[in-house]
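Which chain is which? They are A, B and C, in the order written, and residues in each are numbered from 1.
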Amino acid sequence: MQSNRAARRGGLAALAALTALTVITGCSSAGDGNQSGAGDGTGPIEIWAHQGNDAEVAALQATVDSFNSSQSDIEASLRLIPADTYTQTIANTPADKLPDVLDIDSPTLASFVYNQKLSPLSEYVDQTTIDNATPGSIAEGTYDGELYGLAQFDAAIGLLGNRSILEAAGVTIPTSVDEAWTADEFADVLEKVAAVSPSGKAIDLREGGFSGEWGTFAFSPLLYSAGGAILEDGRASGALDSDASIEALTTFASWKPYVASGQDGKAFPSAQVGLLWGGHWLYPNAKAGLGENVVALPLPDLGNGAKADAGSWTWGIGASTQNGKATGVFLDYLLNDDNVNAMVEANGAPPATQSTFADASLYQTGGDLALWGEQLAKACAADAVTDACVSVYRPMTPGYPTITARFGSALAAVYRGADPKTELTNAAQAIDSNFADNNDYK
Amino acid sequence: MTTLNLRPSAVRRRLAAARDYLIMAVVAIIMVAPIYYLIIGSFKPSEEVLNGFGGFLPVNLSFDNYLAAFEALSSDATGYFWRFFFNSFVISFVIVVAGLIVNSMAGYAFARLNWIGRDNVFVLIVLLIIVPFESIAIPLTWLMSGQRDTLFVQMIPFIGNAFSVFLFYTFFLNIPKSLEEAARLDGLGSWGVFLRIVVPNAKPAFATVAILTFLSSWGQFLWPLLMTSDPAVRPLPLQMSVFSGQLPPDWGEVFAFGTLLVLPVLIVFLIFQRFFIQSVAGSALKG
Amino acid sequence: MAESALAPAIAASSSRFRRVRRPRSNRDDTAGILMSLPAVLGLIAFIAVPFFAAVALSLFNVQVNQIRPAVFVGLDQYIRLFTDPVVSGAFLRSLLNNFVFAIVVIPVQTGLALLLAVLLNRKLRSVRFFRTFFFMPVVFPMALVAVIWRLILDRSSDGLLNSSVSFITGGLVPAQDWLGSSATALGSVILLSIWQGVGFQMVIILAGLQDIPEERYEAARLDRANGWQQFIHVTIPGVRNTLIFVLLLTTIMAFRVYDQAYILIRTGGANENATQTVLYQATNALSADNNLGRASAISVFLFVVVVIITLIQRRMLRQRSED
């Protein structure tokens, strides 16, 4: 009985170990089999996209429908996945089960390339389409010298102000990026605006999302503005935990007494607070609530010029498509002026093709968001930040998921009273340790 | 005992009852307040949900949030609300029914039958109760990668359930042995005893396991997130992030969707609540 | 169900499962194996095998998608959980949070459930009405519970809890950041977890109470025992085994806390340091660090911890029952 039992246990363990090993070796070789094929440019193609707001969904669906009725060779079908779980869904889906065309949250593009989930675009997309992309679109779609993504629209980040409240507070209102409030001025502005705002608070930072992507998207530019950075030569230590970066988050945490909790986003559009740290997608709602009182402002300047993030969703081709030509035809269509204009009309975003951006009245001189348009025109990559550039794209590295998780955690902790130096040092070490564990993602 | 002695005790009893009612009323208010908040909020515009005590007031009520929730899930691309609902229902139904069959059989085999290796296998089952699903999810996705985007893959891993086996096992130990022994003397085999004697006497156990399994499979999130992308097979809870994922979320719509998500369970609960609670109460759990 | 019939069940769940020693001639090998086979096979295939795979994976430096080949590192992942400053700080804090959660929730939730069950068992009028309300939160999925409570606990004066506190104290207590402050964050998570879970334990205990024969109370009253003495000497011993069952179940649940922590940290502004749990660390290792080896090591470690705690609890309870 005893030996019987032992034998059975041993057998079970051996079986399990064998399964585990099969699983490990089986999957490590599975990645090699994904080869995209050009196909003959006809047939069905599948498209996955995140489910944004209703207007965006309608615009995208209209594009797909009109594409299908404009020609008879290719039949495109669209699948929308909730935005909140979209990136996870792509990450969870093996490369050979991904669709022909998919949209990607641009900072995660490098990690999808690393995980062999995307095909380079240049083979399939028309060169004129590529040439028409804005520098920002190329920047956020390029990894390791290869183009993997092209965007319909970019993102503009900045402050939105309520002109009557700001005037009542008696603060100067910046009219260009160069006039951005300094750290001291901004502290003063917050105090004065809070004093005249009906809620007693000055600003909505949308703090509920600090631990998620919003934290990195909205507040990592403060590091650059203070002279710090997230990475320097591929290392977070010495950049993310530098004195300048610590200074930036210390300043950031000092704003808390003036911040409305903002869980439902109503504080700014209903004139309960005078300022909103946000982006283009919040403008339509603010405009509806406040009308001509809405004014676009630069983010505060912590010393090295105001900096703001940029980059949004971009379109790529699945690594295992067997219909590459057809995907190229679709992307050319998706990125033509009509479809880009329809999309930015729906979501208020700055267009990411040169021909449409030139005509985007909202972002050109005289438009409500012209100041944010100016920011986008002065763009640079995260590893080439200068005093003159304003829009800084997030770091293009397969390790981005760990960067954003660590930065978001540190940001949220500092905001709630933790020591900036400790938090940033821990975050920097965790990021570097992750890169080391993964052989620097080479 | 004289009447003089009874009187103060009657007063005391009334006071005790009053105290009990007071405690129960306070607890009941605390238990129901969040639910009321959810339901009333689902009929209100988002900005009136988070509004202090104002969030409690039934003002500005409309079905707009419900219409918006249906509207957001009403095309081939997004999938249809009723389809998600149907998927959740089918998945839960199959897990419950198949789970009742296989887990009750196993529970009986462990409780009453004498077979080789039984005790060792039972130790394994008890240990498996402790394994959290989160810790095995990734290896499980590899084992099941061939069945991605099916209803099948969302059911099969959850049919055999260690906790259900344990509950049946505990309950079957309670059924008087004399019943079974009499049946065996009448010539029934193990299967006959199980089907004719044990199952009919174990309705509360079946009800309890059915309810617990339904609750957990209706709310599933992680596994379908890992294994599905096709709206034709996705369950309802995954789609909640259509509403809660946007920043800022539209709380009215989130609450409307949340209400629709919990409503089937809540209705079943309210209609069958007597049976519901008594079965949970009257089952093997009391062991 | 009669008290006598309950005895074996009690023995099974609270101390050790019962080993029926029947004569060798009286075996049901075929039926036993066939009847248990479907469930056992399913559990082995879908839980045991993936779990053994997790044990194997915990010995490797391995990515989720395995773009880099897995590297065997022995027990390094486990050692790093405790010694690597980058990993151990958050991990040990998570472990501590789980223990605090367990130490608070187990007695408080069980005590509250017992109180409610005793009140319901007094068979006052409209008890059914109250019982319905007490049980209702149990049917709510935790994902939805977290969303509702994040609004209730909002740090602005618009939060339901803040406006209630302000109302009750006449405005003396200012609005609190219940989820964000390190002092109250874990307490808030505990509060909403108890809200959701207490009804379930209540009905289990209620079932136990209903099995206590009325004669015992009568006998106690003849001995002039007052209400409290009846509670201590009749009620508690009467539901002792039920309470043990509830205790073991709650312990397992307390170490599995995940959904509410994840949702509240990611979207509700909860204090991450104060509310992260071990399973949160495990999923973080996957989603943020692409480190399947570490995630597996954390899971395996958690499993071992819960097994050990359960064994200790059983031993302590058994000893006490033998006294």
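Basically, contacts are C-beta pairs under 8 Å (C-beta built on N, C-alpha and C of every residue); 3 or more make two chains touch, one makes a residue touch a chain.
Just so you know, these numbers come straight off a predicted model, no measurement behind them.
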| item | value |
| --- | --- |
| Most remote chain, CA-based centroid, reference being subunit B | A |
| Between B-C and A-B, the pair joined by more C-beta contacts | B-C |
| Chain centre separation (subunit A, subunit B; CA means) in Å | 38 |
| Whole-Å separation of chain centres (CA-atom averages), subunit B against subunit C | 16 |
| Junction residues of subunit C, two or more chains touched | 44, 48-49, 51, 53, 57, 64, 151, 154, 156, 158-159, 267 |
| Residues of subunit A engaged with two or more neighbouring chains | 19-20, 23, 27, 88, 208-209, 263 |
| Shared interface positions of subunit B, touching two or more other chains | 49-50, 139, 142-143, 240, 244, 251 |
| Subunit A residues touching subunit C - in the complex, by the definition given at the top | 12-13, 15-17, 19-21, 23-24, 27-28, 31, 88, 91, 114-116, 207-212, 260-261, 263, 401-402, 405-406, 409, 412-413, 416-418, 426, 429-430, 433-434, 437-439 |
| Subunit A residues within the subunit B interface of the complex | 4-5, 8-9, 19-20, 23, 26-27, 48, 51, 53-54, 57, 61, 64, 77-85, 88-89, 92-94, 97, 206, 208-209, 214, 262-266, 270 |
| Partner subunit B, residues of subunit C touching it in the complex | 1, 5-6, 8-10, 12-14, 17-20, 22, 26-33, 35-36, 38-51, 53-54, 57, 64, 115-116, 119-120, 122, 124, 128, 130-145, 147-149, 151-152, 154, 156-160, 162-164, 167, 195, 199-200, 203-204, 206-208, 210-211, 227, 241-242, 245, 252, 256, 258-259, 267, 279, 282-283, 286, 292, 295-296, 298-300, 302-303, 306-307, 310 |
| Contact set on subunit B toward subunit A in their complex | 46-47, 49-50, 71-72, 75-79, 117, 120, 139, 141-143, 145, 148-149, 225-227, 229-231, 238-242, 244-249, 251 |
| Residue numbers on subunit C that touch subunit A, as the complex places them | 44, 48-49, 51-53, 55-57, 60-70, 84-87, 89, 150-151, 154-156, 158-159, 177, 180-182, 265-269, 271-273, 284, 287-291 |
